[in-house]
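Would you mind keeping the following structure in view while I ask a few things?
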């Protein structure tokens, strides 16, 4: 049994950490409470380590087999899990001080005692870890049920995190929208899963993949796939499920927004890769693309997503909303990699590797932009919660008034823009190469043009802190007392620069991770019931 | 590439300084950029001057180290592994074309610092740091032997320029900077798709799903040779379109030029100098280095179309110059016209044309850069660029006037100055390049036309482009006539004040009426270069003989043998590369 | 350096000096001719930098130019009949193959044949003299523009030398544009004066138009002959020349026939011919020495030089020479009619220059390259003299040039030499018998009548000769002789100021002048014209003597050479590429004078490229006649008579009974001619015609382009830029913030996407 | 497919009444439920009712799963439904918590009240 669980060591480690955090967060001792975040961090480090060493497919670990999760993209799992843990590690300091700040201040000044009922710390960090755990589970999901549960595990905690991320109405509003629309999205992909099950009589994804490749795709299966993908579009904030994005990001605190831009998106992309991977990129005239209908669907979604995200982003006056829309656009970019597929398996042609690399690049870069917003705040007059930066006006002259925050914004937005030689460029380049290699040149052109549209608002994000004079109200801005946030931003900005130089190591990893064993799945033994169904 | 290409430095050979010259060329400005950024503000200016001088000295050293006799060979080659997964390496090497453009960059560096000496008083560290970063990026463009490295530097130039324009420009600077950035960025994104496409077509990959990581290559030498064999005509046409989308905007060619006047007008003096001097050349260099070798067939086929665009640019830009009142805008539009000549020479695809085109890149950088300096110096004194407000400055600023007239003449293409050499060759190359010579209406049958070269342009193109020479004389002399000559007019001295009130007119700020020694120092090297290259361009001809000869041979090869004989060459080049690894 | 001499000797010593190709030499002292003006230029520049306020730059210039002149003389003395090419440093060298025509070479090499030497003789000689003149004339500008003036002066001589001595068309082009630059700089010398700036600009741009023709001609030359070096061109043109000799013009490609036409367009620009002549009169805004040297004697003859130099090519075309001839003749007539109606004496001289240049072109076109060259030389002397005399007057009378405000200045003390010079110049220009102008003009007109089909041109030229005599002596009779009367010009108050004025200054002076006109001799009290000093007088005297003695050229002959009618100048020309012995002249020579003294020059060392005689193969060529007489023989009398008539008319109308400066008898006759004098005075409204037919349409076009650029091109770009924004604004309402809206959007989106995909792909 | 399926059922010895109820019926019901849920979600403004509508959509999927499970003669679908119900319960808990939170703030459960963030 332990052997069967071996590939879940990272999740187990995280779960253990979650339990500890839940308890520690309710401690009466401030230092113990405070240490809960550290435990989180340690849990993530351990999970990352375990993911990199024990996950099947990782170097030194056993090769992936049907007993240890999906075989659709088995090599992706160790990379995805360690990458997720590392980005989560980067997100963690950004979340510092999101909840309980006023409360802790009151306790510190002895105006109030610790009241577990009023403290959100334990929930907050444990939800964070839960969400990450769910995300890790998505990566190795080999069953639609598992996938569904993992996705829900990823999402549900985030609803709460949004709601408690600040005490203002906005975050509640954001939570409402996020939760209700999320439920709707979940229902859609759930229905899609149901149809898939209906079509193949099994929820085992390896088996479905084998069946899909064994015969033609029935309309029912195709409908199921499409519904699933469309439902998953909610997770990655792609058209047509993108509506909530800006409102939720704006309503949530910057740290939580950063998390939303990474965690559900990664979950969505991993799930989409698995779903699409079941079908395989063996169709089309060249025998190396998705089936027409699927390709068309993803093509339209990709093109619309990047366009809608970008054109809406350029209209915004709120930096956070801009970043939210840009996050939509980035999903569109990444879909190009999904469409491109594994190509011949080399990094240049492998869209899966490109997506994985991009997820990492986007995750790292994204932290920096939100960190810039989270590092500085405007104290409110009435003693209520200070407001994080939101509008572009707040960003004016940030490089002069708060250099660290300003520069992380500058560097990270340029990276998001895809300006060489920053990490974002090397994220986008494989998308270009794999797209071109897959013959999706029009889509690559759309991608290029969209990058250009995006330049408009990224330039603003870069120019306001760097080039504008501090505004009249800039003097009111004070640095956020939680240095960890700044650390997160600095790490992110540093990563954006240094990872560009040493990107090759990651690229090698993603090359491996993106391996798509077209033949491996076919040999998987189908479940007996499946055989029975077939015999009918 | 020639067999004589110096072997790529092998690690076994140990440390050899010639492998690192190019890295140094790029690293020195970059290092100084950081030194300035983190140094004391009051020392920024001096540090920048020192840094650019060091860079210039280094450039000079490299110029002397360079083997000019073998200008076609890429020298000081060095390849540092970087991203083998993507087929990207930090691969460097210069032939004489790149070397000359690097020399131009190195020369303009200190001059720009000198030009900004008093003009920039606010946020000096930011200014000089970005200026040097820009220089590093420009050098990077020219030394790159890897497509992506080229592209990285090509794109990175946008940011410093954006900052320079949008922080230190004049009134409308924000919009200008944004337009500049978005316009060129849009173009270059499409160009990137084209470049990637070329790399993909030439991937030559073993189709094994699990192996073969990094078998793509972005190595320019390999791609150049391979592209002709591997791309069909239709593919070449598309790639050409994509590449031109990026490079034509940068040049800028006719319909995509509108960012330039705006950017030039608003940019600070040094920004304009760099922009006109080097940045525009990135476009023509890109066309020469990539569009032409990658899609030779399409380039030959669409040469007339490109030529028409150039000619429209020449005449249209010239006519627009004529009615400008803003001096900087005038010079900016004149750049549109001038670079029309430059690209026209290139599309002539013969020795004279291409040689003229490359020389044009350098000469335009010198003369127009100097014109921008002149206008900038005047602007610093009068805070206007309007020809309506200033006039007759010769009586007040004779030294300035002398330089101005000199550079205008260089720009007009007066023989004996540098502009003529390149302009003549471009027109001449266009004139020659026609397959119709000696046929049809152009001559009776059998009459020998020894001076004709193959091509699809010809005398009509040259004639109509030549009209641009007249137009150039008109608008530039009108500018000179208004600003340099005529009765003295100064802003703020309207009404009864003229001439006689000259003494009482306060020279603005700290600057004397005429050019200071510093400003003369900034202009002098350019003037000398203009004169020397005008009267004795032989070193340049000799230097460019090799690369131009190879380019023409390549074009000729495609003309004679069609597109399909590149495969063998590809193989040989790849073999050669493998051998040197 | 000095091996040139020995080589010349060698060449002449060689038997049968008729070498096929020119002698090639390394750098020689001829290169020093180019170097000397450059040294002068550098010196003047240094003077300018160190703000030297003495006349040092002038005298240094004179010394340099005199040195150059001496070198040219030395070249002349040592010349053989064979062209010599001395190679200088390389300028253009491009190679794209080994074959013919695959190499573009243009070096600073000199092509020294007798045509070159002829031109250089008067260029350097006159330049020296005029520099000396200018040393005094420009003294008012000491310390301000003096150095600048002489720097440009030196640059001019350098450029002109390049133009004349270069061994290839590109070096010629360098000189060609270089002289244009100097012309620009010197016309605009008084740069504060808007009219001067305007004139300078006009000159440069007009020249550029011609230059484009020249440039295209150079291109065509290269394409067809594979080189732009003279020796190669002439060599390569040989087959065509053979064809032309045989009259088989249809074997010569059309484009080859186009080459001379294009070159001629360049020449028309530089030499101020129709339709590009309008810049030259305006160019008189420059200081007078400049007008004399550049715009009368030397630069404007560059066009003539070009045609003469490329004469073999001109013979290849059926149309080129008639074109040249007709343009020349019409220009001569038009300019003369305008000159008759002007009042500004310098402008009259300018128009007479245009007119005389027209003569030269007509001569070239009428197969008399010798006559044209002869006229260039004589004209250089007497026109320089006339200009310098005008300049002396202008200098002395504070810029006064209006012949209605000057009269009888010979009566003033110290103006004798000026008056004498003026007389000599006028006589020459009128073609008064036995002056040098008389001989050269006769030669031209005579050959027009000789050449079939050119007789109308001859008549035009003859008529123009009469007009020339009239307007020339109109000036003389009104300004030099007659009652003494003068008003100073507008430079009175600023005589010690700089020469330039702002526009407002002008008005001010004009106003003052009006005031003074109410009192007769109003200025007598304050204004004393200052007589010219020694330098001016020396130069005027020298030039007078030279102009007079130039007629001797007609009778001098080269040693060891066959004597050609017209004397030494034609003989020099016959040794050069311009050599063209008109078959008709030969015909005339044999039959008319029976003088068998000269055989075809090709027997005597003329290089074989010279297409000496188309006629040799065409013995039946008919020479034209002048009303049945031998034109050359009769022309002496006819043109002399015409000149006399012109002078007489001027005498009657402008001298007899004239009591004031302002009016003469002629004024009373003017109404009889109706509006024509007015039109002529307004230069036949050609400037206006250009303004409205070319300038304004172009300006309008330019404005349209500007608008087009701003509105359409940039508009489209902005439109593209606005598209994202527009789309964004269109779909922004979907982000209404309402949960239901979002849910509906999602549901609809899912439905639509599914629908589309199913429709499109699943049957 | 339907007739085949009916025949299959008949072969398996199902009563005739059952034979007329085919998979298609279940799927139709399921689809109708899903649509009703969706329509309700889109039309109702009360947050609680909206949540119930999402539950309806979930359960529609559940119904389909059960039907398919029966059709395929395996238990996977049914076990899936159990998970769905569990998740739905968790969601319900969250929804209630959220609703309480919101009601405290605004004294209203009208979804329209919450549209401050937009654009």
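Labels for the chains are A, B, C and D, by order of writing; each one numbers its residues from 1.
By definition in this document, a contact is a pair of C-beta atoms (placed from the backbone, for glycine too) under 8 Å apart; a residue touches a chain by one contact, two chains touch by 3 or more.
Everything numeric here is computed off the predicted structure, so don't read it as measured data.
Enquirer: Chain with the smallest distance from its CA centroid to the overall CA centroid?
Expert: Centre-most chain by C-alpha means: B.
Enquirer: Farthest chain from chain A, going by mean C-alpha coordinates, please.
Expert: The chain farthest from chain A, judged by C-alpha centres, is C.
Enquirer: Compute the distance, rounded to whole Å, between the mean C-alpha positions of chain A and chain C.
Expert: Those two chain centres are 79 Å apart.
Enquirer: Please compute the C-alpha centroid of chain C, do the same for chain D, then give the distance between them in whole Å.
Expert: Roughly 98 Å separates the two chain centres.
Enquirer: Please report how many Å separate the Cα centroid of chain A from that of chain D, as a whole number.
Expert: Here chain A and chain D have centroids separated by 28 Å.
Enquirer: Would you mind pulling out the distance in Å between where the CA atoms of chain B average out and where those of chain D do?
Expert: 66
Enquirer: By residue number and range, which residues of chain C touch two or more other chains?
Expert: Only 732, 735, 737, 739, 743, 747 qualify.
Enquirer: Residues of chain B touching 2+ other chains?
Expert: As it turns out, chain B has residues touching two or more other chains at 182.
Enquirer: Could you check chain A for residues that touch two or more other chains and list them?
Expert: As it turns out, chain A has residues touching two or more other chains at 176-177, 180, 184, 188, 246-247, 315, 456.
Enquirer: What is the complete set of touching chain pairs?
Expert: A-B, A-C, A-D, B-C, C-D
Enquirer: Which residues of chain B touch chain C once you look at their complex with the stated criterion?
Expert: 179, 182-183, 255-259, 316, 319-320, 322-324, 350-352, 355, 392, 394-395, 405, 409, 414-416, 420-421, 424-425, 427-428, 431-432, 437-438, 441-444, 447, 449-453, 459, 462-463, 466-467, 469-470, 473-474, 477-478, 481, 484-488, 498-499, 535-538, 541, 545, 549, 552
Enquirer: Considering the complex alone, what residue numbers of chain B touch chain A?
Expert: 81-87, 148, 151-153, 155-156, 158-159, 162-163, 166-167, 174, 178, 181-182, 185-186, 189-190, 192-193, 196-197, 199-200, 203, 205-216, 238
Enquirer: For the complex, which residues does chain A have touching chain C?
Expert: Touching chain C: residues 176-177, 180-181, 184-185, 188, 219, 222-223, 226-227, 230, 234, 239-241, 243-244, 246-247, 292-293, 296-297, 300-301, 307-308, 310-312, 314-315, 453, 456 of chain A.
Enquirer: Report the residues of chain C in contact with chain B in the complex, numbered from low to high.
Expert: Per the stated touch rule, the residues are 89-96, 99-102, 104, 170, 173-174, 176-178, 181, 184-185, 188, 191-192, 194, 196-198, 200-201, 204-205, 208-209, 211-212, 215-216, 218-220, 222-227, 236, 250-256, 500-504, 698-699, 701-703, 705-706, 709, 713-714, 717, 721.
Enquirer: Can you check the complex and tell me which residues of chain D touch chain A?
Expert: Where chain D meets chain A, its residues are 8, 27, 30, 34, 37-38, 41, 47, 50-51, 54, 57-58, 60-62, 64-65, 67-69, 71-77, 79-80, 83-84, 87, 90-91, 94-95, 97-98, 101-102, 105, 111, 114-119.
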